[in-house]
C-alpha cells in the first residue's frame, strides 16, 4: 500500500465531530472493533460505527444468516448483540486509547421505549460521540423497520430520541421505500442532525437443491457493490433536498467509490461489506481517496462534497 | 495475511483438489489442526466473500500449508485454476482448532466426506507424539474416498460407504459400536451437520468426550460480521458463538443442534 | 450447446396462452425481434415481449443512456419507439411466421388516455397475444411511474385498461415501492390477469472525472444480476398473496436462475440484460432449465412453481 | 460469433494494445473498414456488457482480425491479459463501416487518438485500389502516437500533437487548411466527439463530403437495446438512430451534434 500523500487535506467536520478523513466502517461490519485491531491501527479511520445495540442482549436469527449474491450478499443477522449495558461496560471503553477517534453507536430496538432506554443508558457513557438511529433493519420481525418506512412514525421516533440524547443524532434510513426524500425531510424536520443512507435492500436467495430460501430467516438485507447505484441515487436526491449532512453507504470498495458518493453529496461515508473480503479495506480506501485527490489537484477532500450536483 | 505463492495443485478425485501454498503466517510460531484458511477467490471483486477451507497438512520446515477441497460452487471451481507460481490472497490460519489432551493414549478421528481433510494434520501430530490413532471415515462411494493413505499411515483406518463400494456398507456412525469405541480416550469429528449430530449422540451414549468441527456459512472469517454463529451451551447458558473466532472446533457436549 | 432433453415437459399454460417453455425475452431487451432472428429460431422461445410501445413515436432520452455497474447496468432509454401505428403495421406482422409464438406487447404512456388509445389500436391488430402494462418505467418524466408507485392510481389505470383490452392484461410493477404486496393486491383487485415483477430499480452512476452523473438523464433503471435477490423476494412475497400468475424478471442469466424464480412462485420468466452480453442467452437458458429438470427428476417444469414457498 | 482463438497480443504504447484473433465470421464473405467487434471481457458474468472495438486490420487470407485499443477501464484492462492460444468470445464484424465511392481519386483520413485504428484498414484498401490517401492524425503527445507506419505506408501522413512533441503543435483540425484540403474528393474521420464536431465544421467550410465514425456507449451491439443512438438528420427528419446497427459510420452531413 502506498502512503497517503499529505498534500491533501482529508479532514471533515461532521456535526460537532472532527473526522481525520471521511471514511468509517459501517455498523455491523466492524463488530465492536476488537478484531480489526489485529489488522491496522484504528486511529487511521475517520470514525467508527459499532454494531447495532439493543436494550437487552439478543441472540439474533438462526443460521444460515449469510448468502453470496452477484456483486453482493444477503445477511439476516437479526441484531445479535450483548445489550447496551455490556456494550457500555465492556466494548466502548476499549476505544479510549484512541482519543481522536469518534465512536458512533448504532441503536436499534422494537418499540420507541426500547430506543429511549438504550439512549438514556448511552447518555451515561463518556465513550459515545454520536448516535446512529437504526430504524431500517429488515432482519427482525418488529425491528424498527416499520419506523423506517412510514414518515410519520419515523418523525415521531426521531423527535422523541432527539429530546433524550446528549450527543448528535444521525438517522439511518431504509432504502425500501417509495419516496426516500419524503422520509429524509420528515426526520430532518423532526430534529435529526444527519442522515445515513442506505441500509440494506430486502432480498431473498433460494437454495434450489433444498427447494427453500437459503437464509433460515427467508429474507435478508442485500449489501455490497450491487446496491451502489441505488445508494448513490438516494444520496444525490436526499442531499439536494435536506440541509443536514448525509453519510453515504452502500457497496463502497475503493477510493473512487468514496468520491462518487461525496460528489453525489455525502459529507463522509461508511464501508460495510468490503471489510469482509478485505480486512484492510478501510485504510486502503483512505489511501486511494487521498491519492485520487492528489492526482486530480483536489486540495481539500471536502471540495468533493456535492460536486456532481452541479 | 495477504498474497502468498501457490506451490502446487492437483486433483485427488473427479472434483476434489489438493492445494499447497506458502503459509501467510510463520507456522513455527504456532497453529492448530482444525484451524482454517480464508481464501479470496480472485484478485478482483468478482466474489463478495472469501471461502473457508480447513488446514489439512502443514509443513513447518518449508512454511507451507495444504488444503483439500471439493469444487462445488462458482468460487471453489475458480480456485481450481490456481497453479504453481500463482499468487493467492489468504487469511489464516484462523479460529480455534482441535485441542489435544496430555495423557490421552488412544483417540478416535471421525470424518465424513469433505470433512476428512482437517483430521489429517491432527492424526499426524498424534502419531508423532505416540498417541494411538483410530480413524473412522464415511464417504458416499469409493470414488469419493480421499486421504486414506494419509490417515492409515498414522494408525488404524476403518471406512464406511453409503453404497458399500468400499469398507462397510452404510454410515460412518455404524462403525462406532461399543466394541469399536472401547479404550478410546477422546474423539474428534468433522463432517456434514447430520453426521456430527449422529456422532454426538452415539459418543454421548459411549460416554466418551470429544470435539466437533462445525461448518457455518462465513462472511468475514475474523469475527466482525456475526454471520457464522452456532448455539453453544456453556456455563448454563446457550449463546450464539462465532464459529470463525471461537470455533470452528467446539467441545462436543457444548454444541446444540436443532431438535 | 446441448440439446434439451425431451423427457421434460416444458410447457406452461399462462392465462389463455400456451408457452412452449417458461422463458421469454423481457421488454426493451429484444427490440421487436428482427435482430434476434440472426441468432436463433424465435420459435424456440416460450413467448416474446416487445419494446414499450407508446401512442406517438418517441425519440427517448439523450445519450449516454447506458452505464455498467457491478453485476448490473443502468439504462435511461426513455421509451424510444416508433409509435403504436408503426408497431402494428411494420413490427408485429413479422411474427406471423411463428404461429405458436405468443407476442406480448408492452404498453407505456403518460396519461391514462394515452394508454387507452394504444390499447384500442392494439385491439385492431391480429398479432397481439397479451398486453403488458408498463406502469413502472423510471426513465421518463411523466412516464407512468406515478401509476406504478401509488396503489390507487395503479388500480384506476388497470380498471380502465381492463375494460378496453380484448387480450389478457399483464401488469408490470415497479420495485421502487415500500410495499409491493399492496401494489399487487390493488392491481389484482382492479382486474389484472397477471403480474410481471420486476421492472428496474432506480439508480445513478457518477462519472467522477466529469463530476456529473454519467447518464445524460441523471438517473436510470438498474437491471441485471445485481437486482436478482430483490426480484426473487418480491416474486415470493407477491405470489404468496395473489391468486393470479406472476412473471418473474430480474437478473436471470442461467437456467438455475429461472428455477430460483419459479420455485419462488413465478409461472414463467423474462430475460432482460443477459441478452446483451449473450445474444444466445434465451435458448441457452431454456436448455439449461430442461437439463436441470432432467437431472433432478422433474418431469414437468410447472412442478417447480412455488416449490420453495413450502 | 462465439469463441475464437487469440493469435497475438502486443503493447504499442504504455496503454495501447494490438490484439489479433481469428475472425468470428468468414472475412472473405465481406466486411467493411469501420465495422466493430464486440468483446466479451471474461467467460464468466463479471462484466455485464461487452466492449466494442473497431476493426483495425483484416487478414482475409488467414481470416484474422486485429484491433488496437487503449486499456482504460476495468474491461479493457482485463482484455490485456489475453495471449496467443486463449479463447475469447467476440461478435462481429458488426455495424456499417466506411463507404468508398467509385471515382474518388484522393481521400483524406482524419484520426484522433484512439480513433485512428479503424482508418488503417480503410487506408490499406484505398491504397490497394490506387486511390491517393492523405492521413491527418492528432494525438495528445508523441508518446501516444500510434499506427504511423501503417498509415504512411499507404500515402502521405501529417501529424499534430497537443504539446507539440511530434509534428504540428495543436489540434488535428489545424492541419485541415484550405490548401491542405485542395483536391480531396472525400474525407473519413474517427476520433473523440469534440474532434468530430470540429472536423464536420471545417470540412463543411471546405465543401467536402465525408463520413464520421461515432462513438456511443453500447449495450448489446446488435440493435436490441436502443442504448447507442445518435441523432441523425435524414429525409428532413432528425431521428435517433442506433450506432451499432445503422452506424457507427454515418454521412458527416447527417450527423447532429449538441448545440
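Each chain gets a letter, A, B, C and D, in the order it is written, and its residues are counted from 1.
Just so we're on the same page, a residue touches a chain if its C-beta (ideal position, glycine included) is under 8 Å from a C-beta of that chain, and two chains touch if they have at least 3 such contacts.
Everything numeric in this text was worked out from a predicted model, so none of it was measured.
Between the CA-based centres of chain A and chain C the separation comes to 34 Å, rounded to the whole angstrom. Centroid to centroid, with C-alpha atoms defining each point, chain B and chain D lie 56 Å apart.
Measuring from the averaged C-alpha position of chain A to that of chain D gives a distance of 46 Å. For chain C, the set of residues touching two or more other chains reads 69-72, 224-225.
Shared contact sites, meaning residues of chain B that touch two or more other chains, fall at 45. Viewed as a contact network, the protein chains form a single closed ring in which every chain touches exactly two others.
Applying the touch definition to every pair of chains gives A-B, A-C, B-D, C-D.
Those residues of chain C that touch chain D in the shared complex are 28-31, 34-36, 38-39, 51, 59-60, 63-69, 71-73, 75, 77, 80, 224-225, 253, 273, 275-279. Listed in rising order, the residues of chain B touching chain D in the complex are 44, 46, 74. The touching residues of chain D, counted against chain C in their complex, run 1, 40, 45, 47-50, 75, 91, 216-231, 239-240, 245. In the complex of the two chains, the chain C residues touching chain A come out as 69-72, 74, 149, 176-179, 201-206, 208, 211-213, 218-220, 222, 224-230, 232-233, 236, 251, 256, 259-260, 263-264, 292, 307-308, 310.
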